[in-house]
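What follows is chain A paired twice: with chain B in the first complex and chain C in the second.
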Partner chain A sequence: MLRIYRRMWQVNWAEQWQYRANLVMYILYWIVQPIIYIAVWTSIASARGSVSGLTANDFITYYMTMLIVDQLTSEVVIYIFAYKIQDGTLSGELIRPVHPILTNTLMNNIAFKGLTTFVLLPVWTVLFVLFQPNFASVTTANILLTVPAVILGFTVNFMLSATIACIAFWTTRVWALYRLYGVPFALFSGQFVPLQLMPKIIEDIAIYLPFQLFKYFPTQLILGKLSNEEIWRGYTMDIFWLIIALILFRWAWRKGVKQYSAVGA
Partner chain B sequence: MHFLRLIATFLKVNLQMSLAYRSEAMIEILLDLIWLGWELLSIKIIFSNTTTLGGWGQGELITLLGVLLMVNTFMAALIWPNTENFNTAVRDGSLDYTLLQPVNSMFLVTFSRITVWRIGDLIIAIILITVGINMAGEVTTPLNVLTFVLLTISGANVIYSLWIVLIAFTFWFTKFDNNVTILQALADTGHYPATIYPFWLRFIVTFIISIALATTIPVQALRGELNWVQILTFLGVSIVSVVVASQVWRFGIKLYSSASS
Partner chain C sequence: MIVQESIIVEQLSKTYKVSEREGGFGAAVRGFFKRKYRDVKAVQPVSFKIAQGEIVGFLGPNGAGKTTTLKMLSGLLHPTGGKANVLGFTPWELKPEYLRSMTLVMGQRNRLSWDIPAADSFLLHQAIYRIPDDEYKNTFKELDELLELSPLMKKPVRNLSLGERMKCELAVGLLHRPKVLFLDEPTIGLDITAQARTREFLREYNRRTSATILLTSHYMADVTALCERIIIIHLGQLKYDGGIPELSRKIAPFKLIGVMLAGPNSHDLSKYGTPVENEEDQEKRYIQVRTEDVTVVTARMLADLPIHDITIADPPIEHVIAQAFEG
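So, the complex of A and B:
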């Protein structure tokens, strides 16, 4: 099994290198939003001293840490996998004795991450120089404590998106669905503001949903902003949603493959 | 007159094409409305924590959102579909047919695809602008409204010129499918007044990828913050950019050597 993963990694890594020019553009897409949010909230925080106890530096460190967390926990399943279902190229992968999503697609995602890291690092360094954040609250213990949260976050995110990608077995409108899937991210993941600045009701719902596990939870964990109780709750949610995501994916995959009509093949 | 007739024909053809995808259009409209709801909520969240953002109030940000929606409509209805069309045409060589026609090629490349139903977004944009102005409670003179309209058009003109230059680059570096990503990526900066951005970003969105010229600047005109020299400069920039863009296009098209055959 390990050999299969190694091979898949080599293939996907080489494949990703073909698209290195696209990557620069892709990363640009990625960093503009955090920069905008940093500008908005530092402008407000420095005009008023602080926003609900958060200083300008709190906002800068929040968005800059999230940039890294997001890079680690995000996934590109739908772009690759839904296409494969729609144009029928999945057929070739289905006859192999390994699971297409859990081997090929997974390795493709990780290879993509590996390559984007090369671009993100210099960009992040430039942002560091420009915004001069103070990361004093980050300790080694916090970082170690965040590692499992990042891995779990990526796994849950990957499995949930893979479930949604499976909907492409039934409908061709999976892209619209994916755009809709972006809405709970905007509301509940903490990508716009730290959750405590959201309306109370949204904050209360968000802690029970998976979306904050991909962004808000690991970010605040690294920055040492969470109480022990909150850390426990976060990890409990991680495990809970991991189980839910695995069940959902297993179900959608089994039903979906039966539905698969191998278009174009 | 000739060009107007051609645009009317393009509209008709594209309307017929989009009628085949009615349910897709309905879903897209619904999604747009949901996202608009989120945009408004995000403004509300910002102003539950502050009273001004770089001197702008809630009403002004809603006006700005309306203007940005107009710019986005312009892009979604015209620029993105034609970019896709153009990139395919360069890749498979079908641009030949465009060039052979007895009409200005830049014109054809700009108008051959129109996502007709997107035009409905303009109504929402106008509602947002009106509501925003009322909320801000500012006294807008007819003169301010006139400069606002003029500067919005000229801002869109600058973005259009930039787009022409970006896609014309394809003639130099054949494999350049990402030609407009930078425009898409920076469009988000239009949500907030450019004045709050750090100097380097403000510089980029004003002078290089000029999103601010079509968003922040017109709203500033509406608030009466611009003097005559500034207004005339922006109008001048708009005219110059169209001239430059059409020259770049002319040079680029000479390099085009067709694909395949």
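So, the complex of A and C:
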């Protein structure tokens, strides 16, 4: 099995380099957004001293940490898998004796992360020099404590998106649905602002939704901003959503493959 | 010796639900709100059995349901009804043990990754199918000798020609030495030499491994060279299942009599039988005669005409099959 993943990595890694222009556009969009948030919030916080108790440094460290967390937990399943159902290229993978999503799509996604890291690193370095953030609250213990949260966050995120991608078995196209999924994602993940700045009701709901597990929870964990109780709750939610995501995915996959119409030659 | 069935198909059928609408803007808008669906019966209940080691030609005009049947038998499609058993497995359960012992080769862009050299896809295939290194080397060497793959392996697949890609698809699909082969147009896009080699290779592969092969092809040469048995399907229904000579007898109980006449070529042959064109032999003139009348007609012609040379042959298989499609 390890050999399969190794070879898939090689293939997917080689494939990634074929689309450099594509990648640059994509990464610019991805990275520019948090940079804008940093610029906006730091100027507000600097002008007023703080925003609801958050200083300029809090905002900088929050978004800069989130850039890294997001790099690790984000997924591109819809982009690399859903179209295969639509145009029938899944056929070749479906009759191989390994699971298409859990092997090829997964490795493709990880290879994409590997590639985008090359863009993220210089950008991050420039931001570091520019904003001079103070990361004093980050300890080795926090980093170690965050590792499982990042892995779980990626797994849950990946499986939920894979479930949505499976809907393409019925509807052929899933972009609209994925966009719709992006709305609660943006609202509850902590991607715009740290969740504690959101209205209380949103913060309360967000705790029970999976989205904060992809961004807010690992980010705050590494920055040492969470109480023990919050850490436990975060991990409980991670496990809870992992189980839900796996059940949903398994169900959608099994039902979906029956619907598959293997279009094209 | 007990003949073991590799493939058992019972009342297998597939109906697609297809949304349809007319062209034009208004129809497009209406189609958005209210889709009209139509059932397309791609395969109506068909049944057949194929024994281990058989090579069977699966024939029919475009849209007959051949590919759909192959897709069901390889596990890609769930049938609407009926049962299939291949090597003891129900194909669409997609059990890894099953997938490891069969192959489906169809068209292009199937197993090969588009953007990377074929060599990488081959190695990936080796890992996925858990082929030991030495076995992989041997198999690849064999395939390389027959299909001349080496010069193609380093180029990205997108830069290969249709024929080159087909060779690679076929080769990669056989690396794991499958016991059952579903081949959809395996020689499409190949030049004459490569076609002949592929046939030779498939026959040899079948002889050595007793693999079962079900293939579709529009090249009758593939079919006559490889298959002792053919299954004809038309509009989703099974039309014929049996040997090629029997098909000729059943569908087209005719012989072709070809004569070369001495002297001026003005004799009217239509009173002996139906004159037909034979593109392969322009020197002789041909007539089609019912098999039971051949002896009588030949005797009459020999008596009446200044015959220089005479041949009696079966009609070409293409004609027979074309007639079977219509019937």
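In this section, the second predicted complex is superposed on the first by the 263 of 265 C-alpha atoms of A that agree within 3 Å, B and C clash if a C-alpha of one lies under 4 Å from a C-alpha of the other, contacts with A are read in each partner's own complex, and residues count from 1 in each chain.
Definition applied: a contact is a pair of C-beta atoms (placed from the backbone, for glycine too) under 8 Å apart; a residue touches a chain by one contact, two chains touch by 3 or more.
Just so it is clear, the structure is predicted and the values come from calculations on it, not from any experiment.
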Which superposed partner A:Val11 touches (first chain B, second chain C, both, neither): second
First, second, both or neither for A:Val123, with chain B first and chain C second: neither
Chain B versus chain C as contact partner of A:Phe192, first or second or both or neither: first
Touching partner for A:Ile95 - first (chain B), second (chain C), both, neither: second
Which superposed partner A:Leu180 touches (first chain B, second chain C, both, neither): first
First (chain B), second (chain C), both or neither touched by A:Ile244: neither
Shared chain A surface residues [contacts with chain B and with chain C]: none
Chain B to chain A touching residues, read off their complex: 24, 27-28, 31, 34-35, 38, 42, 45-46, 48-50, 52-54, 177-178, 181-182, 184-186, 188-189, 191-192, 196-198, 200-201
Chain A partner contacts - residues on chain C that touch it in the complex: 16, 67, 71, 74-78, 92, 94, 96-97, 99-100, 102, 104, 106-111, 113, 115-116, 120-121, 123-124, 126-129, 184
Contact set on chain A toward chain C in their complex: 3-4, 6-8, 10-11, 14-15, 18, 89, 91-92, 94-98, 103, 257-262, 264-265
Residues on chain A engaged by chain B in the complex (per definition of touch): 21-22, 25-26, 28-29, 32-33, 35-36, 39-40, 43-44, 47-48, 51-52, 130, 173, 176, 179-180, 183, 186-187, 192-193, 197-199
